[in-house]
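In the two complexes below, chain A is the common chain; its partner is chain B in one and chain C in the other.
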Partner chain A sequence: MEEELEQKYKSITRSVAAIDSQSKVSGALKYITDMRIENMLFASVVRSTYAHARIISIDTREAEKISGVKAILTYKDIPGLNAYGAIVPDAPVLAYDRVRYYGEPVALVAADTEELAREAASLVKIEYDPLPVIRSIDESIASEAIALHDNGNIARHTIIKKGDTERAKREAYMTLDRIYRTPFQKHMFLEPEGGVAYIDESGIINVFAGGQSPYRDKLQIARSLNIPPEKIRTVNYPTGGAFGGKDDITVQIHLALLAYKTGKPVKLWFSREESGVAGYHRTGSEIHLITSVDKEGTLLSNEAQIYLDTGAYQSFGPTILDVSIETINGPYRIPNYIINANLVYTNNGFSSAFRGFGAPESNFAIESMINELASELHLDPIDMRLKNILMTGEEGPFGNTIRHGDGLREALMRAKNSKIWNSVIQNKKPWQRSGVGIAVAIKGVGFGTLPDYPTAAIEIATEGKVKIMFSNVDYGQGINTGNAQLVAEKMDIPLNQVEVRHADTKYSPDTGSSSASRSTFASGNALLLACSKALDRLKMEACFYFGVTSEKLEYKEGRFYYNDRSVGIYELAKSLKARGETLRFESTFEVPRYPAPVEGTLEVPHVVYMYGVLLSSAVLDELIGNIHINQAEFYADIGTVINPSIASGQIEGGIVQGLGYATTEDLKYDVNGKPINNNYTTYIVPSVRDVPDIYVEFIDSLEELGPYGAKGVGEISIIPVGASVAHAVYNASGKWIRDLPLLPWKVI
Partner chain B sequence: MKVFIELGGTFIYQFGREHVLDLHEGSTIEDALNILGISERIYIITVRNGSIAKFNDKLKDNDKLVVFPPIGGGN
Partner chain C sequence: MNYSQYVVHSPQNLNEALGILKEKASEIRLISGGTDVMVLIKDNIIKEKELLNLSFLNELRYIHEEGNTIKIGALITYKELEKSKVVNLNAPILVDASKTIGAAQIQNLGTLAGNLGNASPAGDSIPPLYVLNASVKLQSADSERVVPVSEFFLGPRKTKRAPNELITEIAIEKTKPGLYYFFKKLGLREANAISLVSVACIADLDQYKKVNSIKLALGAVAPTVMFAVKSEKLATDKQLDLNLVDEIARSVSEEISPITDIRGSAEYRRRAAYGLVYEGLYEVLMGTAKRVSGSFEGVY
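Showing the complex of A and B:
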């Protein structure tokens, strides 16, 4: 198949090196937090030292006395809306009457040096009246709980039903009732949140910051500064890792506000500890499932009660809840279900987007449940899944039509025939026990039923380059390379003739955010449309050049041919330019979606789904409870693979990040709501020694709606890790663990 | 003239999802938003017949206007 594809395509389906890899490896590439501007000020954020308290007073007088301090800003200095949040703006830019998490921003300081800024920040006196700290979902929904917001402690509640679960349970051979819990997870990107802002000669506020959604950031800044969005430019490149943690606002509004108030360039970046305290994390979850099957393992019903802990504010919480809802039935045919879903406020920091976006939480529950049911029924868990997965053309759980269920079936068949699934592991030591686990993942590509109109542009540069522009940020996932390959393929030119302009609202059209595994699908499709537009125009020019009609022309390798004569696209571009015509071609792609969301949801269902099957092989040390995953195999249905090397890297990275989530990462808050483990010493992420041998196999698959058949890849592999590893641990130890992470004391 | 309007995201809960407005010739997107009672002018995206549009763009008979807050999901 690979060979066939290599013949079919010239630039895609090939593992070319990421176009910025040399500059990254050599250190030549400077990240945004490396930026320095002459005469820039340094900012520091005064943060709440309480997780929940009323603010009695804010006294900046002592801090103002420090020489070199140029600005101290509080909520009074915000010209516009003192709130942000991608979906619901409920988080204050600067707290005014109350703080709801430890580390919440209360004031901003800008000074000549970083040290002065920190010193002044430490002198801002805030008087608090402490309030009870809500530390868990249970505490939050208790009737006597103090309300964290005007609308109470449940930020969103919805119920979605189909069929009759009561009847299904009555008729079922077996019903299991289980509660599954997952922890908060920190993003731990290598480059913490940060950026630089300055006002240029034309009065535009330029905000260079690590981010994932330049246009949405721009609008959120404009809303708080109360200035037209046209007065703001956001640039998000290069960004040293994001994983969802930079999708909503981090430093952007603070930076813009300080630059706006001081008129000077300002830099603000978080230390690792500050990122640990003030940065976002994944929602914690508690999911209660009651699932019924018949004797042969056919799923009959699923009752799900989902609680997600969004922390102090919502950010993406409402849509994260939607993804949890959409994935709680897995990729399975379940005729009867009832989903009672809740997004709950607590004082546990601030949850936001994180790779998988509500799917890892639901997946741990439903996939663990499937494994438990298979075990109880003495069925092979792969056979049970094969029996229940929705196939191509079937109606999905939310009235949607399954487009490519056959890809998942193939992935399961390959897993079933794999070596590790069929091998008997020999333990090297008497205290070791081994087991192999399985889980399946499903995840929608893009924003479901939400309107999505990504726009991208290409420019035929007369010096022999095709420049491409889109607002998806390359924060390491390789979208710049993948898109360059797509354009090279479409324009039939060598890859080195494609030049990518990084996400920058001054030049790049609004392609939307780099999230939801959507960038390839969204910007790729928009770029292909822009290429078609450019080729159409160039063809007309070629007709003029040769004096013939278009059907007589042939296009190949960047040139139009008429008999034995030819003309190149750059030459044609020169003549267009000479006539004053634009060489920039912009197109909008309307992302296919169902006409309306399922009642009770914002964006369910999606049209396009990615699938994956993860086998993991665990070695358990019975003496100390340590789990080592020594092998992992991932079978992925992600449509056409634009760059197999980058896609494999994404899958391997997701698995390793998932292993941290499954086995060691456990963000904890103390009794006062202060995060305990906020750096790499105390918050344990996998190191290179923890990384298993990972084998990745792509299923031959083509999604007709995607660019050259591609779907997406960014999130799919992290989603099944928790359930797959928990299953492996069960097979090693005979113990089901239903709350992640699988720490030693839970295992032995 | 008739203009078909679809609202998206959280706007649905405030203003409903689908609307058909009978507007005077020369009406703009701004006029349509005012009739619907949508006062937001910064955190909002307007798409007319599949292309990003500005508030002062004029509408035509049978135009399809999609209005939604910037969106996100599924990171």
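Showing the complex of A and C:
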């Protein structure tokens, strides 16, 4: 099969090196936080030292006395809306009457040096009147709880039902009632949040910052500065890691505001600890499942009560809740369900997007439940899944039609036949116990039923390059390389003739955010349309050149052929240019979607889903309780694989990030709502020595709606890690652990 | 973090360093590899505004063999210990421990003397130094004294070093060829992990596995690294078998006095200490534990 693909395509389905890898490895690439501009000021953020308090007064007088301080800004200095948030703008740009999380920004300082900025920031006096700190979902929903917002403590509540769960439960052979919990997770990108801003000679505010969504950032900046968006340029490349934590606003509005107020270039860059305290994290979850089966393991009903802890504000919370709703039934045929979903405010920092976006939370619950049911019924957990997965053409749980259930079936079959699933592990020491676990993941690609019209452009440059422009940010996942491969394939030119114009609103049209595993699907499709447009136009020019009608022409390897004569695309571009015609071709792709969301949701369901099956092998030390995951196998249905080595790297990275989530990462807040572990010493992410042997296999699959059949890849592998590892630990220890992470003291 | 606010003294020899130390005493902070001090500076939690940079004192960069003793200069790094033939041959437990400290970057810069001076109860080189009967040489401009490592620590971050003194040398006893040893550490990841519990053990068993003598030192389970004295006594002159392994491990877990902190609870630390000691002694019993080689073979 691989050979066949090799012949079919010239540029895609090939493991070319990421196009920016050399500059990254050599250190030549300058990340945005490496930027220095002459005469730039340094900014420091004055942050709340209370997790919940009223602000009585803000006194900047002492700080203003420091020479070299160029600006101290408070909420009074915000010309426009003093709020931001990707879905609902409920987070103040600078707090005014109240703070709701430890580290919330209250004032901004810009000074000639970093030290002066910090010193001045430390002299801003804020008088607080402390309020009770809400530290958990339980405390938040308690009737006597203080309201964190005008709309109370439940930011969003919805109920979605199908069938009759009560009846199903009565008729069921077995019903299990379980509560599953997952912790917050920090993104821990190597480059913390940061950037620079300056005003150029034409009065445009240029904001260079690590980010994932240049156009949304631009709108949010414009809204707070009360200036037209066209007066703002945002640039996001190169960003040193994001994982969702830079999808919403981090430093952008603060930077723009400081540049706007001082007229000078400004730099703002979080320290690791500042990122730990004030940066976003994944929602914490508490999910109560009551799930029923018949004697053969056929799923009959699923009652889910989902609580997600969004922290102080919503950011993407409402849509994260939607993804958790969409994935709580897994990829299974469940005729009766009721989902009661709640997004809850607390003073536990600030939750936002994180790789998987609500799916890892739900997946841990439903996949653990499936494993528990299989165990109770003495069924092979893969057989039980094979019995219940939705197949191609079937109606999904939300009225959608399943497009590629066969890919998941194939992935499960390969897992079932794998060596680690079928081998008996010999423990080397008497205190070692081993087990293999399984979990299946499903994740929609893109924004579901929300309107999504990604636009991208290509330019045929007369110097012999095809330049491609889109706003998806390459923050390490390789979208620039993947898109270059797609365009090289479509234009039938060598990859080195494709040049990527990085995510920059000055040049790149709005392709939407780099999130939801959508970049390849969204910008890839838009770019292919733009390529077709360019080829159509160039073909007409070739007709003109040869003096023949278009059906006489053939296109191959960047040239149009008429019998034995030919002309190249760059020559044609020259003649077009000589007449003053445009060489830039822009297209918008209409992302296929269902016309309306399922009632009670914002974006459920999706049309295109990725699937994955994760087997993990754990060795448990039963005297000490520590777990070592020594092997992992991932079977992925992600459609056509544009670049196998980059896609495999994404899957391996997701598994390792998931292993941290599953075993050691445990963000904690103290009684006052202050985060305890805010750096690499105390917040334990896996080291390279903790990485297991990972085997990745791609199922041959083709999604007709995707660019050359591709779906997406970024999120799928992190999703099943928690449940797979918990299952492996159960098989090793006989103990179900229903709250992540699987720290050693929970295991013994 | 404002590095420019520190006055850095960089003496070129020991006499000069001791002279500065005599004058500044507690107003100056010692720094060599910087793997602890730089973190404190970054977090702005050291009170001294002056630093005594020991990096140029090359006269303290040595590993000498003197009879049954190995003398290690204060500037010797973990990586140098790992590479030293003398140490590999005669005190391999120190090599094993050094390899678990931080990761390669820390091992390249961090020094054994620094680990002692920093006096963290979780310092991973310290339990091995206990079982190696190490002593610490403290020098000032006017005096010189030697303190056994087991008496050197007064509490977390507190030692017997006077403000005008410098650790100049650590002396360890060679371990006899054939003795069993193990260093075990429990952290939450495989590298760059701070120990929840660590154990160092050197055991002298006769050919019938009777315990002639045993040294057991534990880290991160008390205000300072400690010898498990009662457990050592319990084991001595007894026939090692599975029951005794269990008994010793249980005794250790009762003898320690761990606290609950961000990394783990006291209760769990006791269980983990039991596990680490049990596993180490089990391997000794089965003959699969490492033994001091006493020859150059197998070292490189």
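The criterion applied here is as follows: the second predicted complex is superposed on the first by the 748 of 748 C-alpha atoms of A that agree within 3 Å, B and C clash if a C-alpha of one lies under 4 Å from a C-alpha of the other, contacts with A are read in each partner's own complex, and residues count from 1 in each chain.
One rule holds for everything that comes next: a residue touches a chain if its C-beta (ideal position, glycine included) is under 8 Å from a C-beta of that chain, and two chains touch if they have at least 3 such contacts.
Everything quoted here is computed from the prediction, not taken from an experiment.
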Chain A as common anchor, with chain B and chain C clashing or fitting: fit
Partner chain(s) touched by A:I676 [first = chain B, second = chain C, both, neither]: second
First, second, both or neither for A:A86, with chain B first and chain C second: first
First, second, both or neither for A:K264, with chain B first and chain C second: neither
Contacts of A:F357 with chain B and chain C, given as first, second, both or neither: first
Chain B versus chain C as contact partner of A:R156, first or second or both or neither: neither
Chain B versus chain C as contact partner of A:T588, first or second or both or neither: first
Residues of chain A touched, compared between chain B and chain C (which is higher): B
Nearest Cα pair across chain B and chain C, whole Å: 27
Residue ranges of chain A touching chain C (in the complex, touch as defined): 115, 118, 271, 273, 429-431, 621, 623-626, 664, 668, 676-677, 680-682, 684-690, 743-745, 748
Complex contact set, residues of chain A against chain B: 86-89, 212-213, 215-216, 219-220, 222-223, 228-229, 243-244, 247-248, 316, 318-320, 322-323, 353-357, 359, 443-448, 450-453, 455, 509-510, 512-513, 515-518, 588, 590, 596-597, 602-603, 715
Of chain B, residues touching chain A in the complex: 6, 8-10, 12, 17, 42-43, 45, 47, 50-52, 66, 68-75
Complex interface listing, chain C residues touching chain A: 1-2, 4, 39, 43, 103, 186, 188-194, 262, 264-265, 267-268, 271-272, 274-276, 278-279, 282
